[in-house]
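By written order: A, B and C. Residues from 1 in each chain.
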């Protein structure tokens, strides 16, 4: 008995540890209390009203959405083109280019943030949404490139040869075969890019200045002075948004994998 | 020619808006006020730096060990209990997909004076007065463990999934008890995943900034926080020196781990 | 009439090397209009590289490829108008069966209505009517193979290339599809160039076979020619099973017959070339064409005879297989149809074997 019950209990407790904080934030956001108490005395939507009724919250929200949307466009275009190019580069060049493009995944974000701040402050790009878009794109691009590269690597080169043998020009082959097959990878990369920008705080702390306040930056500033449940409401909304987007990405990736597996299943 | 033209825009973009700015900033560590290595030499006798650097390494180490201890059983359950796997995966991914800021905030809510933890302990009669949890090193360690746990679970689960299940059957067929077959077959074969998880968690923990700033103690600051403070004081030479040390530490650890087999693409395959 | 439907292909000293390593080292081959020609060889023999050069996916480093007398070197694959069936079929996973088959028609600007009609006809031809709306992943391996075939012929190319198209299928299905492909070849009348490493498949289907080895054509000929008259040791051992007997040429007779000394016996062998007396040569025979004589063999055809010892005897159902040893230790295999009326030889038994001169080839 103990042989099965004990490990199960341990795993269940660890999973509780993983899920609890998220659940607590969601519950608190519906609390009627002004101060953070748990469990909440009564149910209320007043913190959501406080959020939706306050321009100081809505302005940063719109800014974050706009910046993230611009980052998606810029990083998806640049990243997809680069992934297509990198796959066909000679080995030495490919390693150098990949190293540069993926390095933001490894370099501590504070180093990236102050490096960009150091340069951007000289060109008036601090306190401007444009500066945020340029900086966030650097952080988002690695996700686009890895995602698109992975789906490119999954394409059987014979599919492109088949298209050519059937009379499709190289451009026709790209449009009718390559592009549809990497589309899920591009979409997943775009979703990651959106969330990377939308959730980003460290770079925003330096680049937002006083005029380009993003939503995470607004939350951060608020937490310095008070922790009222409005932030819980905002947090819950961002959790819901990111979970929906990530679930889409997860689903797209799984489906693309299945399509690929089933067509190569007859391989010897 | 065409491949080069396709890759060039992004490469130039990354050089202009990321690599060159970071390099220019790092140069301040050896060019400010004059060209010299003084700033690096000074670090050895700098008590603030030594305390902060040590605290950063210690925190990263504690978080790595605790994520490993908590992560391995979950990874094992994820692979060994297919019936529960979807639920377990959701419970791992839900916090994984939530921003660091929101998760740090969640721990502020949980660990506050009137937070869930204190209230629960008081109600159970285990405490008479609320514990001071928030703004302590322990709070940082707990919150960072929570945030980095998925980075440990996913690579380990990946490695476990690749182990041929017939090996465990073969081991028990040869007379190994379940524990012995785990210790002698499963555990050694999952080591590449463990190494990848340890590398990811340790390197990410080194650069943590938001969480220790939000829930950590006012005196136990991390290297990232010190760098940020120095930038706010426009002390660029010192900030650049610290940045170079932080970057070199992270790269050094990665280089060390890449000599182990099976790490390969720890950073690129684990995604976000 | 039918012959004019197919393209003729001429390969002239065709070469392809990668980093100075030759994958194809000078192949010359004339493939006739309407012919079913198989490139047969072990992996690494250059057969697939040759096919890829004909298709236009590899650029020759030397020599020429002419289709219907016109050189196609330098012409991109999409202008060659050649049908091709790939290993693993290379069906587009994001398109339906009908869209896959309609793909080449779409590239050629065929109208939607004509496309639908031609796709329907192609599906009929490969016995898959009504499958147009499915996706490749919803089909079995054999069905995917037929779709790939339909896609490669729907635009009526005059030349069809196939790269191990049956390699991934099980034996039963492979044999059915072999027959179907022969029938299709007869119906369409176009030229087929087929690549395989499976000698049985090559023997069953082809009009002619080009056996390839080390980037060169070892021999070209009809299946029965290759089997009965292998021109070199590689072909003799790669196609079917062969015995090899070292011998020394003693005399030359008329009608391409050579007398050679082997194990102290004089053996007559067929030889198109004329070696000189005293040359060391290799004689080859097929195991199923050898017989035990029982001392009382009388046949009107000229016979070779050899004394042997039985070293191993295996009963394999329809055949008995014997491992024999000649005087100097050379191993010889003999296969005999099994029959309750024939006495089985015991290990260690002395015996004499005989076979016809026409089945003895000097290689």
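As a convention for this text, a residue touches a chain if its C-beta (ideal position, glycine included) is under 8 Å from a C-beta of that chain, and two chains touch if they have at least 3 such contacts.
Just so it is clear, the structure is predicted and the values come from calculations on it, not from any experiment.
*Asks:* Find the chain most remote from chain B, comparing centres computed as mean CA coordinates.
*Replies:* Of all the other chains, the one whose centre lies farthest from chain B is C.
*Asks:* Whose C-alpha centre lies nearest the centre of all protein C-alpha atoms?
*Replies:* Closest chain centre to the overall C-alpha centroid: A.
*Asks:* Measuring centre to centre with CA averages, how many angstrom lie between chain A and chain B?
*Replies:* Roughly 18 Å, centre to centre.
*Asks:* As a quick test, compute the distance in whole Å between the mean CA positions of chain B and chain C.
*Replies:* Here chain B and chain C have centroids separated by 60 Å.
*Asks:* Please report how many Å separate the Cα centroid of chain A from that of chain C, as a whole number.
*Replies:* Each chain reduced to its C-alpha mean, chain A and chain C end up 56 Å apart.
*Asks:* For the complex, give me every residue of chain A touching chain B.
*Replies:* These residues of chain A touch chain B: 7, 10-11, 14-15, 17-22, 24-25, 28, 35-38, 78-79, 81-82, 84-89, 93, 97, 100-112, 114-120, 134-135, 137-138, 141, 143, 145-146, 192, 195-196, 199, 201-202, 205-206, 216, 219-220, 223, 227, 231-232, 235, 238-239, 242-243, 246, 250.
*Asks:* Residues of chain A touching chain C in their complex?
*Replies:* Touch residues, chain A against chain C: 156, 158-159, 161-170, 172, 176-177, 180-181, 259-260, 262-268.
*Asks:* So in the complex, the part of chain C that touches chain A is made up of which residues?
*Replies:* Within the complex, chain C touches chain A at residues 55-57, 76-78, 80-84, 86-94, 103-104, 107-108, 136-137, 141, 144, 151-152, 155, 161, 167-168.
*Asks:* Using the touch definition from the top, list the residues of chain B that touch chain A in their complex.
*Replies:* For this pair, the touching residues of chain B are 2-11, 13-15, 17-26, 28, 70, 73-74, 77, 88, 91-95, 97-103, 105-110, 112, 114-116, 119, 146, 149-150, 203, 206-207, 209-210, 214, 224, 227-228, 231, 236, 239, 243, 246-247, 250-251, 254, 267-268, 271-272.
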